[in-house]
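Common to both upcoming complexes is chain A, partnered first by chain B, then by chain C.
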Partner chain A sequence: MELIKNHAGRLVPDEVNGVKSIPFMGVNGYKPTGTKIAKSVRSCVDFPLDGNKVVSSLKEALVNSGIKDGMTISTHHHLRNGDILTNYLFDIISELGIKGIRWFPSASFPCHSHLIPYLDDGTIHHIEGSMNGPLGRYTTEGNMSGMGVLRSHGGRYQSIQDGEVEIDIAVIAAPTADPFGNANGVNGPSACGPLGFALADSEYAHKVIVVTDNLVPFPCYPWHIQGNNVDYVVKIDSLGDASKIVSGTTEVTKSPDRLLIAQYVADFIEKAGILKDGFSFQAGAGGTNLAFALYLKEKMIKQGIKARFIRGGSTKYLVQMLEEGLTDYILDGQTFDLEGVRSMRENPGHINTSPFTSYNFHGKGNFASIIDAVVLGATEVDVNFNANVVSHSDGYLLHGIGGWQNCLYSKCTILAIPSFRDRIPVIVDEVTTLCGPGELVDVIVTERGIAINPLRTDLLEATAGSGLPIRTILEIQAEVNNICGGKPAKPRVDKTKPVAVIKWVDGTILDTVFKVIPQK
Partner chain B sequence: MELIKNHAGRLVPDEVNGVKSIPFMGVNGYKPTGTKIAKSVRSCVDFPLDGNKVVSSLKEALVNSGIKDGMTISTHHHLRNGDILTNYLFDIISELGIKGIRWFPSASFPCHSHLIPYLDDGTIHHIEGSMNGPLGRYTTEGNMSGMGVLRSHGGRYQSIQDGEVEIDIAVIAAPTADPFGNANGVNGPSACGPLGFALADSEYAHKVIVVTDNLVPFPCYPWHIQGNNVDYVVKIDSLGDASKIVSGTTEVTKSPDRLLIAQYVADFIEKAGILKDGFSFQAGAGGTNLAFALYLKEKMIKQGIKARFIRGGSTKYLVQMLEEGLTDYILDGQTFDLEGVRSMRENPGHINTSPFTSYNFHGKGNFASIIDAVVLGATEVDVNFNANVVSHSDGYLLHGIGGWQNCLYSKCTILAIPSFRDRIPVIVDEVTTLCGPGELVDVIVTERGIAINPLRTDLLEATAGSGLPIRTILEIQAEVNNICGGKPAKPRVDKTKPVAVIKWVDGTILDTVFKVIPQK
Partner chain C sequence: MNKTGYAGKKGDKIRSDCYISITENGLENNSLQIKSKVSPMYGENIESQMYDLIQKAGIKGVDIVINDYGALPFVIAARFESALRRYDPAYKTELLPLKNNNLRGNTAKDRRRRSRLYLPGNEPKFFPNAGLHGPDGIILDLEDSVSPAEKDSALLLVRNALISTDFYSAERMVRINQLPKGLTELPFLLPHNIDVVLLPKCESEDDVNSISTFIEEFCITNGIDRRPWVMPIIESAKGVLNAYKIATASELVCSLAVGLEDYTADIGTKRTNEGNESFFARSMILNAAKAAGIQAIDTVFSDVADMSALKESVLEAKSLGYEGKGCIHPRQIPVIHEAFAPERTEVDKAMKIVAAFEKARTEGSGVVSLGSKMIDMPVVKRALRLINNAVADGMIPADWNSEKVDKG
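The block that comes next holds the complex of A and B.
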């Protein structure tokens, strides 16, 4: 393994976990030439005619699926920090004495720190998937046997579809399922909303196991996961802790600085001419983003403007907009609170989407680039508008990419960020980890002003004389550095020891996370 | 090309249109070993970022798709006998001077007799797909350059998925679509219900063109066809004649004989113990089947029984059962009347299904075998319960297979047929064309009695002493032959000239249609 400089000037390994890798070639620079993975043709002859695929335990399903050392096992993260199933799954795998598993979750959460002993003892060789919190820390400190691979939601779909990652066994937590394997996330005690993060797994894994705590008679409808792709169904007592799967309620920020940022974002969207009948936007579930959505809502009501669609992750605030007729549709990939789940169950205009639909870059287009404006966060941005969303300035990998990279393709990508956190400036000379190339980041909104990417002369012109606090990014950076007493310290990392890589949406390697050298 | 005897004892060609074929190996006898077709990986780089794939004409879309001689072009038949688009499509292809097209419709109808000149002049080399009426007659008389290939709905999905048929360009009539290519069949002036027959085409064709007469802003929802699979969108004035796409209303038979058959079927389902809470059934849209559904409905109301699901094709009669709470769901692959279309648009329990979901035999199970009872028709049945659904006793190929073969896998398959038609007995010594192996046909219901397949000792026992007119098939045959003045004449065919083949659900060749020698 050697480190080479990619198109973005970042050092990346030419080989990841023994497989030759393709370095980032620039936004839209890489053109795939191969074919999608060709899965074995299966036959109804090998499946029960009465459609009953239920087996007595997850262990039995794993054994029937031929589990063995070195396999790739996938899970989804719709149960978020309430997921019990994944920990239970690896308890069984450990009990079976299986080693060297590549765990391929759509993301991992603090609850999965339960798996650290299995990383230590070799049950799990490495993780490919976003690592939030403890597992990220574990990885950054160089404890994982293999190299972590972080992908966006769309990149994960792409990697499966293209055969870059072959899943041997997909274990799909299903809040409701029938014996045939049809499954959804909107009903049952562990309801989580959609199940889109498991769609690719169900379509392309060699064996697919659906695990549910709410088995209903055929047909389970809606079928977010189609039973025609499922090998085994398992009933267990509980998939997870409902209170941690979705929050009972999501709340708007109360911080004056964050509220100011939210107001600026809404004002920008208005003044730039984006706010008009039939427009579309996406806002996440963070406190600032929720506040932004409320400010925008006020403007929409005042001006009699209706959106054609809003992209989730949904919350009660977006649901209210749908139910009040302020948008025709919510196109939703995950629901963050109980109201989101209820709405997806009840409102025909609250539509289940998947990473295939929304984000897969290796398709014939996707939804992400159709959206008029998207408001995202970041841990760091640099003076060239490059952004980081996975690591902090101390070098630690603590967050996943999610749909963030995919969303950068929107018609106007806005990063709404405080100018500093814990007295550490957020605007830096060079991001610790490059997740989003600057040419796709259009606007940075802080409580100290709005910086527009010089590439977007159209936005600069549209907002000239608007009264918005438009400044250059260098001006804002200088002011913040002054307040914080200088630039953030460079992280202390071992540049010969890559511990994880960041993939771009096309499967090429955008950047590397290096081993952090603990402070003495 | 040689003719060989397959497992059913039928003469079939060892090669069809230049490709080696696999003869039928018995029900469940063939196990596929290959992989699904591997399609080229596409990239968003090659598609408009704003999601607008609209081009100015179908001709432009075809030229952009690289249309050339010898290609395979697919269409669906949800517009039934009201389809204008397909004829228009081939007018363009002819105008472009393209020759030797393999036309791969999900079915063809009398309106497509417009295409006979294109078969004559070599624009179309041959048809793979059900041929209803004039094109069937044309084929049976030996006029088509290539050999016809008839598949069930499930077999069509299987053939595409398995790469047996590679579609170069799919042209999908879409009653509603958006510029990205999302499309459905439930809205717009040419609304036809679902679009499931085009699902495989959209997933696996090299190029996919969506043609609509009702272009709406993104997102078109529901999206029966996903824009992520679509290359071009074309807006035209009209897809078809709405009055022939769906009937304004479907009507129950008034024939006393047919009503008696329908009553026997309903009685049989009751007496055999199939009619119970949570049961399921499928009935088509023919007059007898509709009458059966009404008789069954009476019994359900009287006994307080609710079905878990009913399989469509749907009609107003099934919609009434759904809306009156007599079933939880209608699982529907096509809607036969306006009420069916309305219900699919409005009722959350009226569910869009596809040949993948319902019928594909090369999946991990399908819905067809889960159904408790299915009531089908046939043109002929023989004394071994083998059945024919495509040709008449004169040898003419005049009907498609539809989902008929796939439905044979239900837990109880009932053929509801008059014992003779036009003074020609329907029960014969040997069917003219074998479409359904006798071991899958459980019960034959005629106005002269009910014959149960001797293999189904359970059904014989369950109905013994029930008062139902249970007879042997030979008894019924003898009686009918007596009335009609003997057995039907053997068709006059040239057994050296196969003109079409009948595929089994697994892609093997079940039987052959031979050229008819016209009567002097």
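The block that comes next holds the complex of A and C.
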């Protein structure tokens, strides 16, 4: 393995886990040709003709699926931090004495720190997905046998479709399922909302196991997962801790500084002329984003403006906007709270969409670039508007990419971030890890002012003289460095030891996470 | 047992603060141990700041331990000095942080004081961003929000904040402790950009006299040009009866504030939403302030969750003649400002009056008239002030009158 400089000037390995990799070639610089992979031919007569695919245990399903060393096993993250199934799954794999698994989750959560002993003993070789919290720390300190691979939600989808990742066994947690394998996430004690992130897994994996704690007679409808793609169905007592799967309520931030940021974002969208009849936006479930949606709603009511659609993940605040007639549609990819789950059941305008309608780079267009404004977070941004969302300034991996990279293609990408956290400035000279190229980041909103990317002369003109606190990013950076007592030092890392790579939405390698040298 | 002193806060939930202990080690040399949540970014910075502080303090033969949770440099300096003073009560040299040269003067005796935001004096995490929320004044509080055991530590923290923290356009206020203790705090504050001293539990003109005399003498002795204004807070039956004497005791008194929590306790009743129990006190204080030609400032509204009740409360205070309200959460500020904003009809009328005044002036006429009515100068002055406020609030553009004058 050698390290080479990619188009963004970042050092990346030319080989990841023994496979040749393509360095980032610039935004929209790499467009592969050829065909996507095909699925193997199956005959229905090889499956139970009575439609009953239930086997007695997950272990049996795994053994029947031919589990062996070195396989790729996928899971989805819709159970979030309440996921018990994945931990149980690897308990069984370990018990079977299987080694060298590539775990391919759509995201990981702190609850998965349970898997660290399996990374230690070689049951799991490496993770391709996200490395959050304790797993991030573990990876960054160089403890994982293989190299971690972080992909966006869209990037994960196409890595499956493009044949880059071949899933041997997909284990799909299904809050409700029937014996044929039809499954959804909106009913049952472990309800989590739609199962969009397991879609590609169900379609492309060689073997698909649906695991449920709420087995209903055929047919289970809606079927987010189609039984026609499923090999085995397993009933277990509980998929997860319901209180951690979906929060009963998502809460608006109480932090005065974050509320101020949210207010500035809403003001910006108004003053920049984005807020008009028929507009669209996307904002996540973070406390700042929720507050933004509320401030925007006030403006919409006052000015009699209605959105055409809001892109979810949905929350009760977006549901209220739909039910109060402030938007025609919520196009939902995932639901963050129980109100979202309810609304999707009841409101025809609350539409369950595959997240990949929005996120897939290898398709004939996607929704992300149609959206007028998206509000996202970041751990760091730099003076060239490059942004980081996976690691902190100490060099440690902490978060996944999620749909973040895919959303950058919106017409106006706004990062709503505090200018510093405790003593740590958020605007730096160069991001610790590059996740989003600056040319796609349009606006940075902090409590100290709003910085507009100089490339967006249209936005600069639209907001000139608007009374908004528009400043250059360098001005905000200088003020914060002054408060914090100078520029922060860069983390000490071993530049010969890459521990994980960041993929760009087109499958190329955008940046590398190096092993952190622990402080004395 | 070895001699020891410590200051600051520690624990997993602490943010933007630190805990520093100094312990006698019976040796010639010092030892320094640093544990910081931000060590990859600021570990070396903290180390060099600590060495610098130790050297300036000239202390020998101690073990120094710092647990840091992202404290800013001015906080680290204050906690170190505080630990040092507790370690050695005879220690006297002040260890001042780097002066912030960006600090602007934002004070005037009659400037607007619609909102004043209280910040607990021993909670540094609230300091750096407080001014971003645009209050007219920020009060670094040394009195009720600081426990008796932390008064000394909070004083050094507040001093360092006055030196280094930008509160943007807010007036820089400190609520000292009740006299006589408050007087011992002033030497730490007067040299450092303080705009207003809030004097709690002010009972009589004697209190004002002792503070204004102290300020005058201290500033002369130490060559300080700038005197802070004094805002007495009247919080007792006796204070209410002495309100006019308090308001007129010194030229430094810029406004009278009322504190109802203590007042209602003093007269033996409870605060109600209707506020009948304090109507006399508030009217008395208001009349005293107006008779003395200064502002009257209403009490704090402390239910941070109820914005509509806050608005009602401000409108009620405004109707009595009050010009300011205390608050404890930044999100209360826009509500207060909006409620204190002049009404559109008032602004329209004032614009007519000022336009008539400008017209008379350009025509060299000594008489200002609007329609058939003569307008007195005090009315013009009030209209001018209202227009200034309306411009500041963005209700009308700064050049609202230019076109008319040109035509005139």
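Assume the second predicted complex is superposed on the first by the 519 of 520 C-alpha atoms of A that agree within 3 Å, B and C clash if a C-alpha of one lies under 4 Å from a C-alpha of the other, contacts with A are read in each partner's own complex, and residues count from 1 in each chain.
Just so it is clear, contacts are C-beta pairs under 8 Å (C-beta built on N, C-alpha and C of every residue); 3 or more make two chains touch, one makes a residue touch a chain.
Note that the structure is predicted; figures quoted are calculated from it, not measured.
By the touch criterion defined above, A:351 lies against chain B but remains apart from chain C after alignment on the C-alpha atoms of chain A. By the touch criterion defined above, A:366 lies against chain B but remains apart from chain C after alignment on the C-alpha atoms of chain A. When the two structures are aligned on the shared chain, A:492 is found in touch with chain C, with no touch to chain B. Contacts of A:483 after superposition: chain C is touched, whereas chain B is not reached.
Once the two complexes are laid over each other on the shared chain, residue contacts for A:19 go to neither chain B nor chain C.
Comparing chain C and chain B on the residues of chain A they touch gives the larger count to B. Once chain A of one complex is fitted onto chain A of the other, the partner contacts of A:40 are limited to chain B, with no touch recorded for chain C. Shared contact residues on chain A (touching chain B in one structure, chain C in the other): none found. Of all the residues in chain C, the ones that touch chain A in their complex are 15-16, 37-45, 49, 69-73, 100, 102, 128-129, 132-133, 166, 329-331, 394. For chain A in complex with chain C, the touching residues are 256-257, 259-260, 393-395, 421-424, 447-448, 467, 482-486, 488-489, 491-492, 519. Put simply, chain B touches chain A in their complex at residues 28, 31-51, 53, 161-162, 180-181, 208, 217-219, 221, 226-231, 278, 308-309, 329, 331, 348-349, 351, 356-357, 360-367, 369-370, 409, 411, 506.
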